[in-house]
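Would you mind keeping the following structure in view while I ask a few things?
A, B, C and D are the chain letters, set down in written order, and residue numbers restart from 1 in every chain.
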Amino acid sequence: MSARAATHFEDLERQEQAARLGMWVFLASEILFFAGLFALYFAYRNEHPRGFDLGIARNTIAWGSVNTAVLLVSSYTVALAVHELRRGKRAAAAWLVGATVALGACFLAVKTGEYLEHFHEGIYPAGAGAFFAENDEPGIKMFFTLYFCMTGLHAIHVIVGMGVLATLLVRVLRGSIVPAASYPLAIGAVYWHLVDVIWIFLWPLFYLTPGGVR
Amino acid sequence: MNDWILRLLNLPPEASTFAAGVDWLHFVVITTTVLGAMFVFLLAVYWLVRYRRRHPLETTAASSISARHEIALIAALLSLFLAFWVVGATQYNHMRSPPAGATTVYVTAKQWMWKFGYPNGRASMDILTVPAHRPVKLVMTSRDVIHSFYVPAFRMKQDVVPGRYYTAWFEATSPGQYAIECAEYCGVSHSRMGGAVQVLSDEDYARWLDGKPFDAPGARFEGRVEERGDLASAGRDVAARRGCLACHTIDGQPHIGPTWVGLFGSEVTLEDGTSVVADEAYLTRSMMDPQAQIVRGYKPVMPTYFGLLDSTEVASLVEFMKSIADATSTPAITLPRVAPEPGTGSRGSLP
Amino acid sequence: MSGAGTTAAAKEAAGGKTTGAKETSAVSLASTLVALLALAGLSLALRYAHLGAFGLPVAMIIAAAKAVLVAVFFMEILVERVTVRLAMSTGIVLVGILLALIAADILTRETPPLSNPPGTEPRDRG
Amino acid sequence: MTTIDAGALFPGRAPGQDPTETAPRPVRVSYLTDGTTVWSWLATTDHKRIGVLYFVTTVFALALGGAFALLLRAEHLTPTRTIVDAYTYNRLFTMHGIVMVWLFMIPSIPAAFGNFLLPMMLGAKDVAFPRLNLLSYYIYLFGSIWVLVALWMGGCDTGWTFYAPYSAHSPSAVVPTVFGIFIVGWSTILTGMNFIVTTHTMRARGLGWFRMPLFVWAMYGTSIIQVLATPVLAISLAIVGIDHAFDWGLFDPSRGGDPLLYQHLFWFYSHPAVYIMILPAMGVVSEVVPTFCHHNVSSYRAIAYSTLGIAFVGFATWGHHMFVAGISAFDAGAFGVLSMLVAIFSAVKVFTWVFTMRAGSIVFRTPLLYFFAFLFLFVFGGMTGVAVATQSLDVHWHDTYFVVAHFHFIMVGGTLTAWLAAIHYWFPKVTGKMYSERWATLGAVLVFGGFFLTFFPQFLLGNAGMPRRYYDYDPVYQPLHVTSTIGAFILGAAMLLVCLVLVVALFSGERATANPWDSRSYEWYAPSPPPKHNFDREPVFDRGPYDYAEPFAGPADAADAGGRIS
């Protein structure tokens, strides 16, 4: 934040509090944004347990798990970046933020690979594609439509988060985020953590939890 | 309800067993509303005059409502509103629970018409013919978008949703014709998706069942009526064609699945010890999701018919089961083709 | 939101903590990552334990535990001001209301889905 | 960057200069005169100017929505076709609802008056994020333009509720419409977030939570709903758009969908959205009543807590829109009882306002006249709300004109009259001019009369069983429809009159003093119109905003304040 923007605040501390609270309120909003889709998932899964089982079995556990690990590590790197910046180690912080962005790209690459694999198998959203000609059950169509909706929306959040972190990286490198006032980086990191948390919930829903319906 | 109250509230005539109770509550609630609004408003007007400003820049001593008064106010209003809720919810639950033995009519809504299928195989468009003083259950679904079956004179309404059967019921109290409206916006001809319930006296209804002429009292609406084969016998064909009879008998013998004789309307005990009445909801659910409620003593081997049976087939199957609900479990019942057709009787020939 | 009538933002601010002065430890961050990965491994292992109907709730509980770890150690929600925690918990409570009242509907509904929903036959749009 | 420019605290004034000693008064630089180019308005980060921008835009939205309403009413002069065909009629009522709800009602009081007043009532120089505030405005403008694009493409015919599966296959311009609303939704979220943070972090020294003006509480409650409900609308509308554009069928039964889930998600937003519209109106009333009654609010905490109560309990009542939609009887019962709870909070507010009048010193001015209209219409509308939330009664009334009349009593009779009260009440503060009391009174009376004539007959139509959104109707309903149409045109004319009175006042009204109503609320501490950073000196709030036991002693310009001793 430039000094000029701060004139309507009493002091920098108040401004930092405002920025932090603003981000958290926004995150609460984001949670509700995803909640709508989670509600659909649980309702439809309750209605079509069999179709959802078949759908979960179609997804590659390995890819999902790799992506989970990637995002967890990326959360760690960005948290560490904040830690290093507070201790005055700007270079280390910059490297760590860069690593986080790279891990985000890694996540997206895997996700794209998965999507392409699905397309190759004839699995598209809306129950379109050759796969559903053989597996003509409403539940499995809905499973994959939701799969593309929820992971797609999450991927958009990953992209936004990478953009935010890349901007912050530039600001750290330029020196406009200094150890004494490191909070913009901390706030950006909080957003990235939320993206991670959402994936933590998506992963079991789409890869790990067949209900055992035969 | 008093006639003049009906006229005061601009309500349509009361033509179902629901109407009197609902209108009574309506009158109480609306009277409370008007009196409440008037009371608050007049109190404000009184104080406006009583405490008008006499000097510019007058100051006033601070005063507050005491917490005790506030709590009393909240308690009073809350009990009033909760009383509304108790009465309203009781009436509502009554409306949602069709009585046993109601005549069932299958309703299919589509843009922009109503189609009624009767147990005797008749079908009609837009005109629903029912007997007076007998409960009628509607099993409703939509072919396209959401519609809503609304008969103002019955104070009864139920949305009709694609992909599901919803039930509703009513008992008409006097012969006549009553308008059906579609209450859920459904596209360009929404306002023209009307029809009528034709309520007949017992004698007229009997004549109608036999396809004989009768005097429709107060006929205001005209509709198209088409005839069809008997739904229950169609159901027997469906049962044979779809392989149901490979596991379910219609002669009373238990087989791989429970027999259909006497099944409809009976109380069956499930695997988890609970029991459920085998009504339309249970039977349709068992076709779509057979594993959900397994009757005790049977193996969960039935495949789902989700996506295989269309709604006419489901309707005819249910009607078929209904037609043999009262049959004794001896093989003496006189149903044609009691045994499955040769070739469909073995499990190996399931479709 | 303090109940005291005289509490002002200034006082609230004084009670809050500034990030610059806060000390996080690299060890706690690293151990959080280890714990997260361990929980992820547990979730993965349970996938092959064929828990059936219990698989989903168990996986959700593990996921919630991971989310709490991230919130506490990475997002530092406990050192944030009360209002932040209030905002977050309000959001979570509302998600609960959304899911609970929808569940109250679909779990007590008596009507199974239809066998031949519209669309299984040719349909013209509009 | 850590230092703060002390001069910015007292713009245009050298330290030590006492404003009360300057005579003759120099021309004061107000927020209106601090930069007069178009760019200085379009690129402003001043919360007051942004409030004015919102106000002007929402007035245009009101005019558009009002024009649709008049066309709809004109169509109903005869039972069949009068001026438009059925498809056009359907698009008209849809666009009427969309424009009124999202482009006018939701930003009308919060974004326009909230922006203008919230920082002043907190003694702050601006909102917490001024640039984000400007961005919110442009997002709102951009979304509104998309709705206009949709209109240009023929409009949308699904009803403002976009019920699936009809919305997935409607032949009309669904996608640009929902896209526009989606965009406007983000503006709502950002504004709400800004207000929440502002309330928490920008309060002046000595200004505790329970000494804030009650309008701030209303804004705070509204903002909570805006932030937490709007995202659910966003996701449901996104799905509607995707379903319509790409036929993904998320609510399509043939692909495992359930149309009722759309309704759950939609009403999870749209029922609280009703409180986004009515809470700010309640906030306005909570300011107007003590000012003109010259008496402290009879229970400050009752109003503050009931605001939060409405904000939270309002989230758990959405199912009363679905009693006949096919939800389970159990869920219907749960929603039925929860809906009764939320009515209590509104009732508490109503009684608190009325008791505020007792032992007051009441002066009857236009804003108070609007309060009286509000009081009658809101209580009547609110009680009919309890009536339609009574499950068995709702079965008859659901989707009939009774419901239409009920929510117009709340939305127009409540929110619109409170909005008009707000305009008249804060007109001196915003413009520095006084309006004509006589003409404004006439306008208020006509608004009330026209409104009542429009919507009261609709209760009777609903009782008779006429469903809403009907193009053709049974000729027996014609007299009531004609009455309603006449009322609507009176209401339209009254709105034009009000507009005219205010425009005349804007150009040739008397100059307003800082505190023409002799109010104790904090925004009146500032001069009229306020300077760029609101207060000439940093305000000290040692008095409550409803302290009428002593003469006014606010720290505004001595020359401006009525009868104040410095």
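Basically, a residue touches a chain if its C-beta (ideal position, glycine included) is under 8 Å from a C-beta of that chain, and two chains touch if they have at least 3 such contacts.
Source: prediction; values computed, not measured.
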Pair exhibiting more inter-chain C-beta contacts, A-B or C-D: C-D
Centre-most chain [mean C-alpha coordinates]: D
For chain B paired with chain C, centre-to-centre distance based on mean C-alpha positions, whole Å: 39
CA centroid of chain A to CA centroid of chain B, Å: 45
Rounded Å distance between chain C and chain D, as computed from the means of their C-alpha atoms: 32
For chain A paired with chain D, centre-to-centre distance based on mean C-alpha positions, whole Å: 35
Per-residue multi-chain contacts in chain C, two or more chains: 9-10, 13, 83, 87, 90-91, 94, 98, 102, 106-107, 110-111, 113-114, 117-118, 120
Of all residues in chain D, the ones touching two or more other chains: 169-170, 196, 200-202, 228, 232, 249, 253-258, 260-261, 264, 268, 326, 329
Chain A, residues touching no fewer than two other chains: 10, 14, 17, 21, 25, 28-29, 32, 35-36, 39, 43, 47, 137-138, 181
Chain B residues touching chain A - in the complex, by the definition given at the top: 291, 304, 306-307
List of chain A residues in touch with chain D within their complex: 1-3, 5-12, 14, 17-18, 21-22, 25-26, 28-30, 32-37, 39-40, 43-44, 47-48, 51, 125-127, 137-139, 141-143, 145-146, 149, 181
Parts of chain D lying in touch with chain C, wherever the complex brings them together: 169-171, 196, 200-211, 224, 228, 232, 249, 252-256, 258, 260-261, 264, 268, 315-316, 318-319, 326-331, 334-335
In the complex with chain B, residue positions of chain A that touch it: 50, 136-138, 213
Chain D - residues contacting chain A, complex: 1-5, 8, 124-126, 128-131, 189, 192-194, 196-198, 200-202, 227-232, 234-236, 239, 242, 246-250, 253-258, 261, 264-265, 268, 533
